[in-house]
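Letters A, B, C, D and E name the chains as they come in the text, with residue numbers starting at 1 for each one.
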Amino acid sequence: MKYPGRMLGEVLAHLGAKPNTIKYPYEPAVVQAGLRGKIKFFAEKCIGCKICEKDCPSDAITVNKLGDKRFECIFDLDKCIYCAQCVDSCPKKALTVTNEFELAQLDRHKLRFIFHAPDAPPAPAAQPEPPAAKTA
Amino acid sequence: MGLIQKIVTWARIKSPWVIHFNTGACNACDIEVIAALTPRFDLERFGVQLKGSPRHADVMVVSGPVTRQSRDRLKRVYDQLAEPKFVVAVGTCACSGGVFQGCYNVEGGIDMAIPVNAYIPGCAARPEAIIDGVVKLLSSLDPKPAALPAPVAEPVEKVDVPA
Amino acid sequence: MSKITIPIGPQHPALKEPASFKITLNGEEIYSMDMRLGYNHRGIEKACEERSFIQGLYLIERICGICSHSHSTAYIQALEELAGLQVPKRGLYIRTLIAELERIHSHLLWLGVAAHEVGFDTLLMYTWRDRELVMDHLAEIGGNRVNYAVNTMGGVRRDLTPDEIAHILKDVDTLEERTKYYAQVATEETTLVARLSKIGYLSQTDAEFLGAVGPTARACGVDRDVRRDDPYAAYGDVQFKVCVDHHGDVYGRVLVRVGELMESYSIIRQLMKNMPDGPIAVKSPRRIAAGEVYSRYEAPRGEDCHYVKSNGTDKPERVKIRAPTLANWRAVRKMIEGNYLADAPIIIAAIDPCFSCTDRAIELVRPAGAETLTWGALRQHGIDWHRKQGLDFAELNKKLNTQLGRVK
Amino acid sequence: MALFNIIVFPGILFLVIAGLWFEFVDRRMYARMQHRQGPPWFQPLADFIKLLAKETIIPEDANRFLFTAMPVMALTATISAFFYIPLWSPRALFSFPGDAVVVMYLLTIPTLTFFLAGWYSTSLYSMIGAVRSLTQLFAYEIPLFMAVLAPAMLANTWSLAGIAAYYTAHPLMALLNVPAFCVAMVTLLGKLEKVPFDIPEAETEIVAGAFTEYSGRHLALFRLAVDIEVVVAGSLIVAMFLPFGLALPWYLGIIVYLLKITLVVALIAILRTIMARLRIEQMVNFCWKILAPVALAQLLLNLVVKGFLKP
Amino acid sequence: MTAEETVVKALVEKFPCFAEKIRTQRERRLWADVPADQFEAVAHHLFEQMGFTMLCSITGLDEGATFGLLYHFGQPSGMMIGLKVSIPREKPEWKTFIGLFPGSELYEREIADLYGVRFEGLPAGLRYPLPDDWPDNEFPLRKDWKAKPAVAAAAPAAEVKS
């Protein structure tokens, strides 16, 4: 039957009920286990093949060779689309996904995230070159 | 800072009215912005109201890469906002152009056209991430920011900020 | 009486995406409409030619975030057919599951947006609250609430655990109940029915002639659905009914979408019951043999077509995307004629437009040759129209202006 | 004492606080009925202060004088109407025979200011909004007037204080006015431009209607005027249709009065939660074809009853 | 006889020049190259006699010396046929099909914008999908077109207010 105010009952029932709203940000967010958030890099596993760079759809990852078997990895968090293709592509599993998603920044420069290589073995104390400046 | 100034700052932080502008987004960020207003996330808790008229809004939430066709519109809407105004770039596209970098009709992130006050990466930025970004922006207005909860995961690596 | 043209968009609260329409009005009635699309044009087709197949996949997925899986599946199906890959059964089932979950989220979203367009925000809040259940599952399976990135060449990227299956089945039951309730609300709430029925009418002949697709066409009695007519993924293995309605108006489009929601629940139950074991993907090459393929997919908004041509390298030679909303535009123009201006937003919303692929921009259109309307002319038009309706603002204005000492 | 009454209690200050508070009550209830948490209690206040401190833009081709005068006028009209309404005792601050009609007229002024404000902002959306405001005014004003006349006719006086006194003496007579009360509630939604009659500011069609071009201070005053209008119109309805507890001691009287206003605000909130917006011509039809006849029937009924009681 | 063979046979009967040119790729997918002068007749025949009432898309192709226009017609039953016609690059002109398939308007405008093909009979209207300030004679989907800096102007972020 048609009548105005069809939702009256539903609406009144919810008036007294606890709202559906979550407490975030006052309580940590509950996120799904498989959430694709920020990518994490394990410098010791990387072989510098750059397949990740090649497959990245949005040019967000850069792997730099710092020295013998030493690689650092730069993520542009403002470019990354968190697709995790690089993780799938990496033959050495040097990349993984974390479910960190609270990446907002007021300053865009802070969105460039660098995973440094482990310190160089003591012998040749060559200063690693600064990462090649990427075109902004 | 005088008492009046303090009260005004307080009011500003507690009452951010929002206008939403899509400059060429894939819709995902837009629906996440809308989702942030619905019961599960309810941005109205922070005083956020979605406004249709730029004259009423304090915060412009922009999603999507700036396309050639929308660039001028974006600037015009920005100019119509009454001071003080803030711009939040929602989603990777709005931050940098994202996957659409290099497409011929895309000019890049929002900051190519107008100044941006907060960047929320993510593709699409989750409603929680949007809340996080808005709260970060608002607390930056507060001279004495209220203690915010610690982020879920501690950044493990050293973060290097190039100058 | 002269006709006037008003622009709507590209920035307008009813349109969350930019599009601009020019509506020519005859009084409060819409005489004709034209639209300027292109605000969202990013040049994806060209960009695809410049990227590898795998990079293109993520780009294609981001044509549109609401049914990202539609585009990504249509594209990946084309690649798999070109490369001659046999996707394992389990992979196809998961793909179909995501497709149906996406349809549910999209239709619930639409129901809310449609309610919002007619000022019924409560329904928007309730449908979007329930939609979160689906979003949780999509995030659980795919790893992201939208742009799930589930597809990869040769199958899918993530498997389902028995736990998830049980959980999805439980939520499908909840959703089914809620959908029944919303169907009741939509058909029994007088104010809502008053705003939805008898507007935006399109006859079956027009729908067919103008090439409407999806729920827009099915609400006019056009019995077409790619899932049945040209089965892909696992649709050959499930039983479902194609929802057709004969109202032809916005109300009919609500009924069709609600009906499709119910069918989706049943499809998901069948998929879960018969989910085969085995691998979810096969290994794929980086280069794809030359050839051309036409892939079709029934997106929530209608038929989505992708044409992919490959030349034997790791990049496509040509990718062409025909998104559903594009096919529906002609029909919208027809539907909107003769309706009230107040109904324009809901009629446009009724096809569930997303311009991001089509390009969202609505501008009410000016008949060719009409001069640009000044504010003065517009004001005059308003006065004329209302004088005809028995209100004379001119008098009021005159009095007011004399009182203010400004002689007009 | 009179000055205190006008400025502080039950005057302007009280009205401002009550207006903001009831906006909160309305928004919070709306949110809770939609199963979400809703804004905190200070929200309307924060909105108000923020708008006061924001840049004020006056469109170039708008009429400056009218553009700035309208919000003030809306505010003054609503506030002055308030002083004629008896709140918790059968006496009002000011009273004279025929003040019921004056209050009704004063409450029409805000709508007219919306119209003028919209019309003279010269923006397309404001103008459509303005015209819709006025069209809507013509539709609901008659049923509203008739509905309010009904209890006055029964009480045989045009003074609000007199009406209050009459119903305090004959409380059962108020029950006779239930249909008029319903009509008045529905038309009140039209007057306050709430769903299903928020046609003049339909966000998805014409952005924010008459207020589209308003910003900063002026918008703040307009919003305040609308908030206060809720309280004033609510008080009017309460005085006309729910004249109970007026004989109580003043502190109980105030509590009862506040409860009654809360009831009216809650009713408004519920009604706007469960309905969709009508189209303007549907609204006009509804007012003329349904509300007006009901109000007319009520008037006839009251006439007959009065004829019975006379001899 | 399969449904595909039926369609092919019916077509070849009517247009013998097709005998060699129709390719059956798989179930419900047919492809054919059509000579430009026959195209209109074939399209009308498909629409009027054979139930191919849907025009699914028009795809522009840059084939070097010629532009290809690939029309996909569909039957409600799911059968699809892709008809390709080639037009010379120097003189990219073709006829509109909005009389037969009104839905083709936007597809044609798209090709006009992106490839620079002129459609005879297409009424004037708003352009789609390129922006209003797009330079003339720049057709982005042509293979020899590369985004020029002037077009893809990527001004650096002037100043980022923080």
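We adopt the following convention: contacts are C-beta pairs under 8 Å (C-beta built on N, C-alpha and C of every residue); 3 or more make two chains touch, one makes a residue touch a chain.
Just so it is clear, the model here is predicted, and its values are computed rather than measured.
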item: Identity of the chain that, by mean CA position, is farthest from chain B; value: E
item: Furthest chain, CA centroid comparison against chain D; value: E
item: Chain A-chain C separation of Cα centroids, rounded to whole Å; value: 30
item: Centre distance in Å when chain B and chain E are each reduced to the mean of their C-alpha atoms; value: 41
item: Distance from chain D to chain A - Cα centre to Cα centre, in angstrom; value: 53
item: Per-residue multi-chain contacts in chain E, two or more chains; value: 130-131, 140, 156-157, 160, 162
item: Shared-contact residues (touching 2 or more other chains) in chain D; value: 31, 33-38, 203-204, 207, 273-275
item: Contacts with two or more other chains, residues of chain C listed in rising order; value: 12-13, 38, 41, 43, 46, 58-59, 62, 122, 125-126, 129, 144, 147, 189, 191-192
item: Residues of chain A touching chain C in the complex; value: 1-7, 10-11, 20, 31-36, 54-58, 81-85, 88, 97
item: Residues of chain C defined as touching chain D within the complex; value: 6, 12-14, 115-122, 125-126, 129, 189, 191-192, 194-195, 340-345, 375, 378-379, 382, 386, 391, 393, 400, 404
item: Touching residues on chain B, where the partner in the complex is chain D; value: 7-8, 10-12, 14-15, 17, 38-40, 42, 44-45, 47, 51-53, 55-56, 58, 80, 82-84
item: Chain C contact footprint on chain E (complex, rising order); value: 25-26, 28-29, 31, 53-57, 59-62, 70, 72, 76-78, 80, 82, 101-103, 105-107, 114, 124-131, 140-141
item: Chain B contact footprint on chain C (complex, rising order); value: 10-13, 16-18, 38-44, 46-47, 50, 58-59, 62-66, 68, 109, 112, 124-126, 128-129, 131-132, 135, 144-147, 354, 356, 360-361
